[in-house]
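After this come two complexes, each holding chain A, first together with chain B and then together with chain C.
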Partner chain A sequence: MATVIVDGQEIEIGADERLNCIEAARRAGKEIPHYCWHPGLSVVASCRMCLIETGQRDAATGKVTMVPKLVPGCQTPVKDGTVIVTESQLVKESRARVEEALLIDHPIDCPICDKAGECLLQDYHFQHGQAERRADLHPFTSRKRDVGPTVTLFVDRCIMCTRCVRFTREVAGSAELMVTSRGAKEEIDVFPGHPLANKLAGNVVDLCPVGALGDKDFLYQQRVWFLKREANVCGGCAAGCSIHTEHNQDTVYRLKPRENPHVNTWWMCDDGRYGWHHLHDDSRVLDVMRRDAGSAPGSATTLEWADVVVRLRDDLKAAGRLAVAVSPMLTVEEAWMLCAVARSIDPQAFLAVGHVPVVGADETFPGGFTIRAEKCPNQRGVAEVLALYGAGGNTWDNLVAHVAAGRADAAWITGAYPGAWIDEAAAAPFAGLRHLVVQDLFDSPLMQLATWRLPAVGFAERAGTWVNVAHRAQSFAQAIRPPAGVWPEGRLFWNMLGRRGLYDPVAVRRQMAESSAAFAALAGDLPAVGVDLRIHQLA
Partner chain B sequence: MQPFKPVLLEAVGVPDGHSIASYKSRGGYAPLEATLAGKQPLDVVEMVKASGLRGRGGAGFPTGLKWTFLPKDHPGPIYLCVNADESEPGTFNNRIMMEDDPHQVIEGIILSSYATRATTAYIYLRYEYPQSWHRLQAAIDEAYAAGYLGKNIRGTGFSLDIYLHRGAAAYICGEETGLIESLEGKRAWPRIKPPFPAIEGLFRKPTVVNNIETMACVAQIARRGVDWFKSIGVPADPANPRDPGSYGPKLYCLSGHVEKPGCYEAPLGITARELIDRFGGGVWQGRRAKAVIPGGISMGLMTEGELDTPLDFAGPGKVGCLGLGTAAVVVIDDQTSIVDFLHNSCRFFAHESCGQCTPCREGTSWSLRLLERIKAGKGRLRDLDILLELGNTMGMMPGSTICGLADGAAWPIKNAIKKFRGEFEDYIKRTNPSGWMVTDPVPALQIVGAH
Partner chain C sequence: MKPTDPSIVWLEERPLGLAERLYLPLFMQGLTTTARHLVSPKVTVSFPEQRPQVGNPLIYRGVHRLNRDAENRVKCVACFLCATACPAHCIDIVAAESPWPDREKYPESFQIDELRCIFCGMCEEACPVDAIELTSLLDLTGKSREEMIFDKEKLLSVYDMTKDAEPMKSAELGGTL
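Here is the complex of A and B:
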């Protein structure tokens, strides 16, 4: 153990922990302001906002010897006896001067800047800056340029922290961004003919402490202070990146990565970042449609959800042998309830993991970030649930073969896929069934064959737990409500099981944890970073 | 004072003095052969340590001590970088040596590489020195042909390659870690320390960065001995335990308002007045000096009354200057406006600031804008306070920047305003009679950039 003294307050840090002064001070509840430092990037110590006073306490005599000048907190490691002073007059004056210097060339166009409200330059100015402007007053300038298909650079707002440059070099590895010119004339730019077009490009917008890098997808869409954020998990691939869904009035405006050292560290990919637009697509399936077994397509009529609970069960029971595809887009709670519903209708129901979309191969970036080829968030979780029902290892192909072999009279296919996933040929084996229930976000050749067409919900409209490719289970709450009238899958299953009250995914999760060893790790309240599902099996 | 016979400049004026034949005829390369034949690398380190040689690049750090910071028993490679990016305004002594006696430099490099166990040396040459480039490259080729460079030199098993790298004209490349970054092909943004280059430098390997003149001194120490070197200069001040003394000959670059500007070799410790009068023939046109830059523009200003300050490593600091720097003495006569001087100085540093650290990037630019304002007749007395505050707070010494460029930018500001405040105030009141007392923010002027 090592003792660090932050503004007179002693804190203990682990012997093998390598912390800098910013991190150590944070442990003591002291925030040292900083722009250029980021835990996921190399240290450059260039913004000089984190300048502090440090010293060393002699272990034997207790005498403190201070360093006679300011040092950058980001660059200075702490060890036993390190003394950190974050609030001295010298430090405060230094911060005020850095703020003043950064504002000399800044356009101060906060009213038309997207970053206003979550801008470090703004926040630090109010906390550490001085009210008076001593530098001369500039005419307003606003130069912007496209640095890539998704990112716009507002040149004058930049404070040259170079986080974005280091990100493209160290994490994305494609090094599109660079610094041009020198001194106060220097700017961020791209090399001619090489736009910022890597799959992690959106992260530079998150990294930007000011409004210099704007996300074209979000630009001028919403003031950030109207946004509410929900800790969520990206459903774009099997990596299961921790995210914040930022929304207002049941509309998602943007997704931001949420720090999770076990999954995505500080980053997310652009596929995931912009992968929410399908939620607000006009062509989503919104109505429940049913037609009688054997009737002509087109004879379907709409139903109320309350009727579905009873009539769907009756139809499937009447049909006979049931096959169910449990979509890897569903949460483990929903999968668990769906299996229970299916087996309560047909104790011999054939259960399988739904279609697993795979695109290309896993793509790992130099910084270690990996985009998974498996474009669904919960294959592991669903497979684990199926194993509880004795259906472990059953895949979509098994289910298709099962149906094609005529061993099922009815099938219930859950989807919730964000885009097209099945063509007519692949749907053909399902044509002869007495009842086909298809529950999906969008119309498809399979849904055309269905006697029951049920809407599904998207990732931000869902609550529950997903298990990613590394067996990490992360629970999340619903961020936005589904379109009017649409029930999340879990609510339908909950009601079909005859459970009372509102659908409560947490209650289901706890029940799962109590009743099965495989899900024991899901007991109690899960930490924001999730748990390793195998933790008990490993022990 | 004894007449001093130039040593470092002995080839100047010698016909074909830059050739290897001429250099050998003066006794060159014999010390190298003797060293390779009979001495261990540590002997050379001890020799340089004993000589008290301090780096000639500006900071005056003891050269032998710097070499001992290299890790012991490192598997290599170890690199020697020779800083020939001579960009400090007023400084041109490296150019004289590279053009007129390149073999002296190369012998010094070989000896230093032998001492530090470096097997590759890079000379980082300022872009604007084409003649140096040609002469140095020709000398390197001659040294290869003569068997002083290459593999297994003189059968000793010691190998050394020297690469001549031409910079792209940036002042910051003279900062040792900026130089290293530039050599690696990157933007010359000085690195944060630690790690220091001796531990992790060029290509993340142990590296020594030394100045051209330092290399020449090493060659002369090997030829003439430690005692000769210590017989020249100023011994350590016993009252100051941190002063290791200033030994050896030094090349002073005398320029500005003197009758005979030039590069003169003198013992360390000569006073500025002596240098101007004895070597420079006095201030030009019989005028008086108003101020003298002791060692390149970044070292600040001495007033006429301070001219008897000895120009050794400790001297200029005693009168409020940053140090001896590169010993480039620039004389400013009494008919020159100190406002113009400071404007020029601020323009240089605003142009050359690499832009990495906020206080330097914005501080140098702001100080230029303040000087532009004063020069345009819109100055305010308040601007002087702001300038002084900028000067006092930017730099490595207050801790607000990574490298010393900002200290160099700050010192002329601090010195000029502290030592010549009256002239600034008169200028401002005279040129801006209606607005010199304003303290509110004022609109910016259209500034014609230095680019």
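Here is the complex of A and C:
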């Protein structure tokens, strides 16, 4: 154990921990302001905002020897006996001077800058800056430069922390961004002919401590103080990145990565970042439609959800042998309830994991971030649930073969896929069934064949637990309400099981944790970073 | 604030003095006020035949207008500060990239629900470019709720209508133009 003294307060750090002064001070509850330092990037110590006083306490005599000048906290590692002073007059004056220097030619266009409200320059100016501006420069506008298909650079707002440049070099590995010119004329730019077009490009906008890098998808859409955020999990691929869904009045405006050392560290990919637009697509299926078995496809009528609970069960019971595809887009709670519903209708119901969309191959970036080819968030979780019902290992192909062989009279296909996933040829085996229930976000050739068309909900409209490719289970709450009238899948299954009250995914999760060893890790309140499902099996 | 808050100072009512206990002096005082109003000039006007006098148009809080700049464009930069300040949530703005090179964004749509508005003037106070102002127009009527939702064109037309009688306030108040 090593002892570090932060502003007179002694804190203990682990013997093998390698912390810098910013991290050590954070343990003591002191925030050292910084722009250029980021835990996920290399240290350049160029912004000078984290200058602090340090010293060394002699272990034998207890005498403290201070370093005679200010040192950058980000670049100074702590060891046993390190003394950190973050609140002295010298440090405060230094911070005020750095703030003043940064603001000399920073355009004061906060009212029209999209970063206003979450801008470090603003925050630090209020905390550490001085009220008056001694320079008589009053730049009001910023030059704008297109650096890539998704990112705009507001050149004059930049404070040259170079976080974005280091990100493209160290994490994305494509190194599109660079610094041109020198001194006060320094600017961020792209190399000619190489726009910022890598799949992690959106992260530079999150990294930017000021409003210099703007996300074209979000630019001018909303002021950040109107947004509410919900800790969520990205449903774009099997990696299951921790995210914040930022929304206002049931409309998602942007997704931001949420720090999770076990999954995505600080980053997320652009596929996931912009992968919420389908939620607000006008072509979503919103009405429940039903037609009698054997009737013409155009004869479907609209039903109320309350009727679905009773009539769906009756229809499927009357049809006979049931096959159910449990979509890997569903949460484990929903999958568990769906299996219970299916087995209560037909005790011999054939259960299988729904279609698993795969696009290309896994893509790993030099920084270690991986985008998975498997474009669904919960294949592992659904497979675990099916194993509880004795249907482990059943895949979508098994289900299609089962139906094609005429061993089912009715099928219930859950989807909730964000895009097209099945063509007419693949849907053909389902044509001869007495009843076909399709629950999906968008119309598809399969849904055209359906006798029951049920709407599904998208990722931010769902609550529950997903298990990612590394068997890490992450619970999340619903961020926005689905379009008017649409029931999330979980609510339908909950009601079909005859359970009372409002659908409560946490209650279902607790029940699953109590009743099965595979999900024992889900007991109690899960931490924000999730738990490893195999933790109890390994022990 | 709770009644137990330490910053509250609790005061005892002071006992009545002799004049107050005698009743008649206070009674006469009240009657004097009544008599003074009987003979003073009338402030009631027969609206709408007779228009009320607006004391100081600079601080009067009537119908909103959206000012135009020197080139006749809407002055608003769509910063949403008025919508943020509005306690009645009656301002709805849709921002977009501006078609002009000297401006970054502008309001694609700007709506004020005049029925929801409580005419507090916070929007005018919040505006960093003096684009939204409250005029001294005080009779605000419409035949439907939809008609009372003023869009950008209507708010600009209020400016065109009132700009001669009421020049932009900012110049006189020393603000930015």
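As a working rule, the second predicted complex is superposed on the first by the 536 of 539 C-alpha atoms of A that agree within 3 Å, B and C clash if a C-alpha of one lies under 4 Å from a C-alpha of the other, contacts with A are read in each partner's own complex, and residues count from 1 in each chain.
Definition applied: a residue touches a chain if its C-beta (ideal position, glycine included) is under 8 Å from a C-beta of that chain, and two chains touch if they have at least 3 such contacts.
Since we're looking at a predicted model, the values are computed, not measured.
Visitor: Based on the shared chain A superposition, would you classify chain B and chain C as clashing or fitting together?
Guide: Once both complexes are aligned on chain A, chain B and chain C fit side by side.
Visitor: Have a look at where A:Tyr220 lands relative to chain B and chain C in the superposition and call it first, second, both or neither.
Guide: A:Tyr220 contacts chain C only, not chain B.
Visitor: Between chain B (first) and chain C (second), which does A:Thr141 come into contact with in this model arrangement: first, second, both, or neither?
Guide: second
Visitor: Just to be sure I read the superposition right, which of the two partners does A:Ile112 touch: chain B = first, chain C = second, or both, or neither?
Guide: Once the two structures are laid over each other on A, A:Ile112 reaches chain C alone.
Visitor: Could you tell me if A:Ile159 is touching chain B, chain C, both of them or neither one (first, second, both, neither)?
Guide: A:Ile159 contacts chain B only, not chain C.
Visitor: Scan A:Val179 for contacts with chain B and chain C and give back first, second, both or neither.
Guide: Touch status of A:Val179: first partner only.
Visitor: For A:Arg133, is the partner it touches chain B (first), chain C (second), both, or none of the two (neither)?
Guide: first
Visitor: Report, please, how wide the angle is at the C-alpha centre of chain A between chain B and chain C, in steps of 10 degrees.
Guide: Taking the centre of chain A as apex, the angle works out to 90 degrees.
Visitor: Superposed on chain A, how close does chain B come to chain C by Cα atoms? Whole Å, please.
Guide: For chain B and chain C in the superposition, the minimum C-alpha gap reads 16 Å.
Visitor: Could you please specify the touching residues of chain A with respect to chain B in the complex?
Guide: 43-49, 51, 69-72, 75, 93-94, 97-98, 101-102, 104-105, 133-139, 159-160, 178-179, 181-186
Visitor: Which stretch or stretches of chain A touch chain C in the complex?
Guide: Where chain A meets chain C, its residues are 109, 111-112, 141-142, 144, 219-221, 223, 225-226.
Visitor: Can you check the complex and tell me which residues of chain B touch chain A?
Guide: The touching residues are 170, 187, 189, 192, 350-359, 361-366, 369, 373, 382, 386, 393, 397-402, 441-445, 449, 451.
Visitor: Provide the residue numbers of chain C that touch chain A in the complex, in ascending order.
Guide: The touching residues are 77-81, 84, 95-97, 102, 104-105, 128-129.
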